[in-house]
Each structure stands twice: as C-alpha cells, then as structure tokens.
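Across the two complexes that follow, chain A remains constant while its partner is chain B and subsequently chain C.
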Partner chain A sequence: MDGWIQILVSGLTVGAMYAVSSVSLSLVWGALNVLNMGQGAMLAAGGYIAYTAVMSFNLPIPLAIVVAVIVGALIGGLMYFLIIRFMVGKEGFETNVIVATFGFALVLENLVLRLYGAYPLRQPIGLEGGWYIGATHVPYQNLLLVVVSGALMIVVAYLLKTTRMGRSIRATAQNRQATELMGIRISWVFLQVLLIGGGLAAISGIMLSTLTTLSPTMGYDPMLKAFIICVIAGLGNIYGALIAAFVLGLFEVSIQFIFGVRFGFPALLVLVILALVWRPYGVFGKRKTERL
Partner chain B sequence: MLSLSDIVSGYGSQSVIRNVSFDIPESGLVTIIGPNGHGKSTLLRTISGIVRLQSGEIHFEGQRIDGLRIDQIVGRGVVHIPQGDMLFPDMTVQDNLLMGASLVRSSNEIAERRGKVFALFPQLEERKDQTASTLSGGERRMLAIGRGLMTGARILLLDEPSLGLAPVVIEQIYKIIKELNDDGQTILLVEENVSRAITVSDQIYLLDDGRIAWQGTGEELSSEKNLMEVYLGV
Partner chain C sequence: MKESSKNIYRRDAVTGVILILIAAILPFVFPTRYVVGQMTVFFIWATVVSQWNLVFGVAGIFSLAQMAIFAMGGYVTGMLGLYLDWSLWVSMFFGGFAAVIFSAVIGIACLRLRGAYAALLTLAISQTMYLLIITDTACFFRQGVTCRNFTGGTRGLARFGDFGFREILPYKYMAFGDYFLALVVLIFAVAFSVFVIRSPIGLAFQALRDNSNCAVARGISRFKYQLLVFSASAFFTGVAGAVYAGHFRVMGANILYLNLLLFLLSMLIIGGVGRIWGPLLGAAALMLVDEVLKEFVEWRLAGLGAILVLFVVLWPKGLAGIVDVLATKFRRNRNQTVDIKSG
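Entry: the complex of A and B
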C-alpha cells in the first residue's frame, strides 16, 4: 500500500513538472507551428534567474519567482525579436525555425555556463518538511509543485478560453490567414505566445531545480519528455498534453518503482511507439483530412 | 468608395490580374464574373492584401490601401469573406462571431452587432454553442457572412457565396445579400452563378484571363447571348 502511495505522490509530482513544460511547448507548437528547441535552455535560465534573485539580490522567494517568470517571458520575447519575426511567412519556416531555436538554445546555454559554471548549484527555493500517509513520507515540496502546476494550468486554460488574447491564439492555431482577415496582427500573437511560453518555461525550470539541482543542461531531459508528451497527445493539443503529462509521469514512476529506475525511460519510449502505431496523429489529436 | 487603378498582381513573378481598373460606389453591389481560374478570387485576395500588388494602386475612401498589412486593411473596413469560408472549426459559433469583432472594444457594440447577425441568421443563434465544424454547408456560409458583418465592414468582399450550396440555401443567402445591400452595405461579389448574380448587381464585370473583358448591368448581360454562352456556358 505504501509503495502505491509513494508511486502516486512521485508520479503526480513528475507529471506536474512535465505538464508545465509540455503545455509551454505545446502552446508554441500548436499556435505558431514553432518547435521550440530553445525550451530546455529557457527552462534552465528560469531556474538560474530565480537562484540569482535570491542569492545575489536577497529578494524574498515569491518576488524572486515573479522576477524569474518575467525575465523568462522576456527571453521568449527576445527569441521572437531576434529570430522568429524574420522567418515568419518565409519558405521552409517550420524546418528552419527548429534549427534557429536550437542555435538560440546553444547561445543561452553557453551564457549560463559562462556566468555560473558547470558545477551543479542548489536551488534555495523550496519547502522543508512533510507529512506521513502511513509509512510514506510526502514532502510539502511535492505537494506544492502539484498545486502550483494545477493552478498554472487553470490560469492558462482561463486565458485561452475566455480572453480576447486567448481567442486570438486559438484562432491562429486553427487558421492563421483567417485570423489576419479578422484584423488580428499575427506578429502580436506570435509575441504573446512566446512571452507566455517563456514564462511557463521559467516556472518549469524553478520547479525542476527545487527537486534536483541547477545545471546549464538541466533542461534537455524535461524538453525531451515534453516533446514525447506532445507527440503522444497530438501536436499542439494543449489539453491533451496536460492529461498525457500526468499519465506518463505516473507510468514512468510506476515502471521505475516496479522494475528499476533504468527501465523508466525505455518503457516511456515503448509506450510512445505503441501509441503512435495505434494513433499516428496522437491520442488526443485529430486525423487530418484533405478535400480533393 | 473603393477604386482600383490599373492593378497587376499575382504569385511570384507570375501575373494573374492584368491592368484591372474599376470603382465601386458607396452602397453599391458590384459583381465580378468569369470562367474558373481566370483571377476572380485573386482579385479579392489582392484587395485584402493577401496577394502582393505588382503595380497599380488601390484606394479606399480616398486613401491608398495597397502595401498595408492585411490586418490594417481590415481595420479600414475592407473585409474579405474568402471562398471555403475559412472558419475556425474547433471554435463555437459564438466564438467565431466574436473573432469577427476582434477590433471592437465596446461590449455594447459587440452585443448589438451580434444581435443583428442573429436577426439575419436565426439558425446561428440556435447553434451558438456548437462548434463550427458541426454546421451544415449553408450554416457555415451564414456564419462566414455573419462573422464578416461583426467586423463592422464598410465594404464586404464576398467570394462565391453560392459555391456548393443547395438551391434553396442559395436563395436564402442571396436574399440576405440583397437585404444587406438595400440597407446600405457596399458589396463586391465574386460569383460563378451568373443567373443569380444578375438579379442583385448594380454593375457586373467579366474577368477573362485576368483582364476585364466586358462590363455592364445585369440587364445588359442578359441580352448578350453570345457572351453568356462563350464565357459562362449559360
């Protein structure tokens, strides 16, 4: 029984972290057709900015998190102004932007490496203590991560569902030219989505670094997992990505608990292959049909 | 109101529209007819800024609009309802209509416009919470026109509103187009259904290979038996 509680707690915590990162990736992908290879580096940068805000500027933790989210969003904005705005509407956009955002990631990662070095650092943000369910220790930190992730998802869903900006983002995802014909300036939508994506990546980085450590390459694994989750859910399907993040988090932790840690990731990949054989357009994706 | 002066446009270095000029007066209903693939839709796409103008000028209410971004042209009141409707399939009817009012800040104004659209198309009000992908062809066309009206268009560029619809629905759509025009809405219509367009248009232009090959009223076109047969197969 205790083992299952442990799986549930760890699985939900991992799922919560995957969820924030996946929703960020999925939002940018779904609305803009941009596979943001800079996501991992942006995530790491978010963690380091929060670290700096606390350690170097002695900011209270909530304020440090706000600063990290704002700077993370600005990094997303920087990506738009330096790279993406020059590529939108050009031939080969979807492929070229993958390479360009990867280049952006390398610059950002090396900047972090230069500023902070390669040694792992301990994130000062976090909650001590926990409680026991039976013999299972449930850290407050894990609970906080699940709650924060849930609250963030509610905010993102509200933003997309009910606001004018969210409607424009959803419209752009469905038909970019029709959105322009409604008088929406597409470049603003791109900027808005990248700002939100950057902010979410920063939060994801802070969350991850509270459970592990800070390192310049800490974002690659979550980015890969977020990519897998987005593919399983169906490209650009935000709500699908959210569900898939928690399901895969629980699945990975279960496999690790039952068969050993080293089997977690391979099992995840097997699941991806099976899911894509079953539904090549993703579990929550829609089959694309074309009129002849 | 809308004035095209010697415009040439197309895709890449290829010209599709060649030296087309005409004016549309305020509250007018002008129709472009012509065989398939001769540039009718490209002409509308050029006016709305989707297709690049290679030469010539487009003026709207005395101001030059060629060279502006698509959203800026819409902001001036030139609203294009393209062929195939281009709805947002996963959004509700209500949200599709609200997208049309993206540039409107006043919620009262939005509610008033939506009320007018629902008065014109009661089916849309009944289906306001359904996603656009679940609508019938006729309802989708109504939604596309309704969404265009939500923008507060000064001129509507309507691309083949009868395409693929049942005769009874075409009648309904054309009744609405006539009503809108009678209420003062300026409309530039592209249509292959010549017999239907003749009945509503003030002026008709025949586009052949990207050039205006003939112009006149619906009555004059009806008497041009040779033209109707050669170009339009009527």
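Entry: the complex of A and C
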C-alpha cells in the first residue's frame, strides 16, 4: 500500500515535469514543424537564470521565477530571429532545423558552462517539509510541482482555446497556407509560439532543478523523454501530450520501483514502439491526408 | 541537358582515384602520429556518414540510430575478441553482420513511420542502448578478484586486442596500419554508396521521391527497398565501429553521446545530403573546424554551434551545393548544366 502511494506521488511529480516540457515541444512542433533540439539547453538555462536571480540579485522567489520565464521566452524569441526566420519554407526545413537548433543548443550550453562551471549547483527555490499519508512521506515540493504544472496547463489551454492568439496558433498548426490566406501574419504566430515555448521550457527547467541539481547538461534526458511523450501522443497534439506525460510518468516510476531504476527508459521505449506499431501517427494523432 | 551516364561514371572514378592517391601519399608527407591518428578517425567518421547518407539522403529514412549501429559493430567485435579470443580481423566481419541484423530489426520497427517519428524513435533506441550499457553492473565474469560486467559498463570494453600492426610494422610506421585499414573500409563504403546511388535501387528511390504514388503504382515497394538499404549500409557502419574499437583498443558508451551523433549528422548536412561526395566534404570540413577550435577550448562548443547555424541558414544545400554552383559557373561557356544528382 505504501509502495503504491509512493509510486503515485513520484509518478505524478515526474509526469507534471514531463507535461510542461512536452507541451512546449508539442506546441512548437505543431505550429512550426520544428523539432527543437535546443529544448534541453533551454531547460538548463531556465534553471540557472532562476538560480542567479535568487542568489546574485536577491530577488524573492516568485519574482525570480517570473524573471526566468521572461528570459526563457526571450531565448525562444532569439531562436526565431537568429535562425528560424531565415529557414521557414526552404527545402529540407524539417531536417535542417534540427541541425540549426542543435547548433543553438551548443552555443547556449557553452554559455551556461562558462558562466556557472560544470559542477552541479543546488537550486535555492523549493519548499521544505511535507506530510505523511500512512507511512509515506509526501514532500510539499512535489505537491507544489503538480499544482503549478496543472495551473500552467489550464492557462495554456485557455490561451489556445479562447484568445485570438490561440486561434491563430491552432489555425497555423492545422493549415499554414489557409491561415495565411485568412490574413493572419504567420511570422508573428511563429514568434508567439517560440516565446511561449521558451517560457514553458524555463519553468520546466526550474521544476526539474528543484528535484535534482543544476548542471549544464541536465536537460538532455528530460528532452528525450519529452520527445518520446510527444511521439506517443502524436506530434503536435498538445492535449495528447498532456495525458501521455502523466501516464508515462506513472508508468516509468512503476517500472523503476518494481524492476529497478535502469529499466525505466528501456520500458518507455518498448511502450513507444508498441504504441507506434498500433498507431503509426501516435495514439491521439491523426493521419494527415497527403495532397497530390 | 543531362550529362551522359558514361561521363558521370568517369567523373566519379576520376574523383575517387585522385582522393585515394592523396590519402595514400598524405601519411608519408606528414608522418606525425597526431596527423595520422586524426586522419584515421576522419576515415572512420566519413565511413559512417557516407552510409548515413544512403539511409537518409537516398532512401529518405530520417534515422538517428546510426551510432547505435556503429556501437553494435564495435561492441560485438570487442566481445568476440575478449570472450572468445577471436582475432579482430575475423570478428570485424561478425561485428558488421551483427550490425546488419540489429539494423534490420530497427528497420522493421521504424520504417512504417515517417520523418520526425522515425527520427525520434531511432534516437530513443540509441539512448536506451546507452543507458543499458552505463547501468550494466551485473557480474558477468571474474578477472582475479575484480568482477567485470558483460558490456564493460561505464569503464568501457577493453583488453580485446587490436589489429596487430604494432608487431608487424616498424616503430615509425606503427600508426599507418590502422590508417590504411580505415582508408580501405572507407573506399569500400563509398564504392558501395556510389553503386547504390547509380543503380536501379537509387533510381527506385528517386522515383519514390519525385512521385511516390506513381512509383508505388508501378510496383516499386518502398518498404522493401528501404529495408534493403537500411540493412546493407549497416554492414559498413558496423565494420567502421569495429575499426574504431581496434584503433582505440577500447569501446565505450561515450560513442552514443547525443553530441557526437549530432556532430556526425552535421557533417552530413553541411556536406550535402543525398550526394556522393557531400558526406566526405562535410566530414573533412567539420574535422578541420573541430581541429581549429581545439585552440579555443573554452568556446569550442559555441564555435561549432555557431558554424552549424550559419551553414544551415546560409547554405542549406551544403558544401556539395556550393561546389555545384561554382561548377555551373565554370561550365556555363560550354553550355552545359550540371545534373542535380551527379555531384
């Protein structure tokens, strides 16, 4: 019984972290067809900026988070102005942009490495203490992560569903040409998506760093997992990614708890292969009809 | 106006012979160990990239499993040497075959998927392999009092010997053995890729790319040809892994780092995807850039990143594309245009 509560708590926490990151990736893929290899470095950058804001500028924690989100968004915007703006619509975009965002990630990672060094740092943001359900210790920190992630998802859903910006983002994801013909400035939509994606990546990075430590390469592993989640959900499917993040978080933690930590990732892989054999375009994905 | 096919073959052959001659003379001109060693590594990466080019540029499978296949070749070779005491010269081929089988299995799982899906799944396979190796702590055999695990774990697989050039060659030319072995593997790999690109298989892919519905209606099976290329190219990738293992006399999980994978992918993209000489150009260019950046250790990553971005943004067709443009200008007075697929 205690074991199951433990699994549930860790699984939900992990799922909450994956969710923010996956939604960010999914949003960017859906609207731009960009597989953002810079996500990992952006996660790390977000965590470090929050660290600096607290430790060097003595900002209160909520303000530090806001600063990190803003800077994270600006990094996303930078990616648009320096790279993606020049590449959209060119031949081989989908593959070339992977290399370009990887290049961006290298620069960012190097910058973090020079500024903070390679040694892991402790993230000062976080809640102490917790309470007990039966014999299981439930840290407040984990609860906070789940709540924050849930709230963020509601905000993103609200933005996408009801606002004019959200409608144009969804329209762009469905049919770029038609959206342009409806008089929506597509470059503006791209920029908005990358700003939101960058902000979400920063939050995800902060969440991640509160559970582990800050290091320049801390984002790679979560990025890969977020990719897997997006693939299972169907690339670009945001609500699918949200559900898949929590399901896979629980799944991974259960496997780790039952069979040992080293089998967590391999089990995810088996799951994703099975899911894709069953539905090649993701569990929630729809096959796009190809035009002749 | 297209060049006649005879012309194209002649140009491939001439380019190939010139490059081989240069490569054969080079170690005698610069016989330092460092240059020869770096060139050996260059040949190994160029082999991998040339086969990756077949998979990605020709067959259109966005695979990121190339380094996993490479590692499979290297590890199987090393294990046969370590556990069965086989000579690397024999186990090298078994490493290649193991890579083919591994690749065929990956292919069956992934080839139904398109574009980014295939990329992410193959990336996940590579990462899984990495994690399984570095978390491998179970005791496989005992060596005195120490316990060694099956894959070598984080320490890497070692003590499986090498290609034995040290015993045969005089001290001054010791490094030349691996150099020429890697060069021969590269020559075979490039010859194979020329063969595939110019053969009916290459034409089948061109047809599938240009008008896939029409090609499928004419009875060309995408899955069959993709699986064929995916598996066959794995042989040379695997053998390259074996040469790597023999050259460094150790095989570690660091070969599966995402950074290395993307570094090699960058060679392919910067060289020119789908072209015959593009991968070689790209590999040479990035090895050179990396060499220059070694002077600026602290900003090496950033420098590499910036160059990648610049290239992809400014010259998305890669170095081979630039060569084409120059060649077209050069030949304009002869009123001849260059066939897109001929470089």
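Note that the second predicted complex is superposed on the first by the 289 of 292 C-alpha atoms of A that agree within 3 Å, B and C clash if a C-alpha of one lies under 4 Å from a C-alpha of the other, contacts with A are read in each partner's own complex, and residues count from 1 in each chain.
Just so it is clear, a residue touches a chain if its C-beta (ideal position, glycine included) is under 8 Å from a C-beta of that chain, and two chains touch if they have at least 3 such contacts.
Being a predicted model, the structure only gives us computed values, none of them experimental.
With chain A as the common reference for superposition, the partners chain B and chain C occupy compatible, non-clashing space.
Applying the stated contact rule after C-alpha superposition, one finds that A:L59 touches neither chain B nor chain C.
Look at A:F265: by the touch rule set out above, it reaches chain C but stays clear of chain B. By the touch criterion stated above, A:L121 is placed in contact with neither chain B nor chain C.
Set side by side, chain B and chain C differ in how many residues of chain A they touch, and the one touching more is C.
In the superposition on chain A, contact of A:E180 is made with chain B only, not with chain C. The superposition places the C-alpha centres of chain B and chain C at an angle of 90 degrees about the C-alpha centre of chain A, rounded in steps of 10.
Superposition on chain A leaves chain B and chain C with their closest Cα atoms 15 Å from each other.
Residue overlap on chain A between the chain B contacts of one complex and the chain C contacts of the other is empty.
Note for the complex: chain A touches chain C at residues 29, 35, 37, 82-83, 86-87, 90-92, 94-100, 102-111, 113-114, 220, 224, 227-228, 230-231, 235, 261-262, 265-266, 268-269, 272-273, 276-277, 280-282, 292. For chain B in complex with chain A, the touching residues are 48, 50, 69-71, 74-75, 79-80, 82, 86-91, 95, 98-100, 102-103, 147, 151. Looking at the complex, you find that chain C touches chain A at residues 56, 62, 109, 112-117, 119-121, 123-125, 127-128, 131-132, 135-136, 213, 258-259, 262, 265-266, 269, 273, 298-302, 304-309, 312-313, 316-317.
The residues of chain A lying in touch with chain B in their complex are 164, 167-168, 170-171, 174-175, 177-186.
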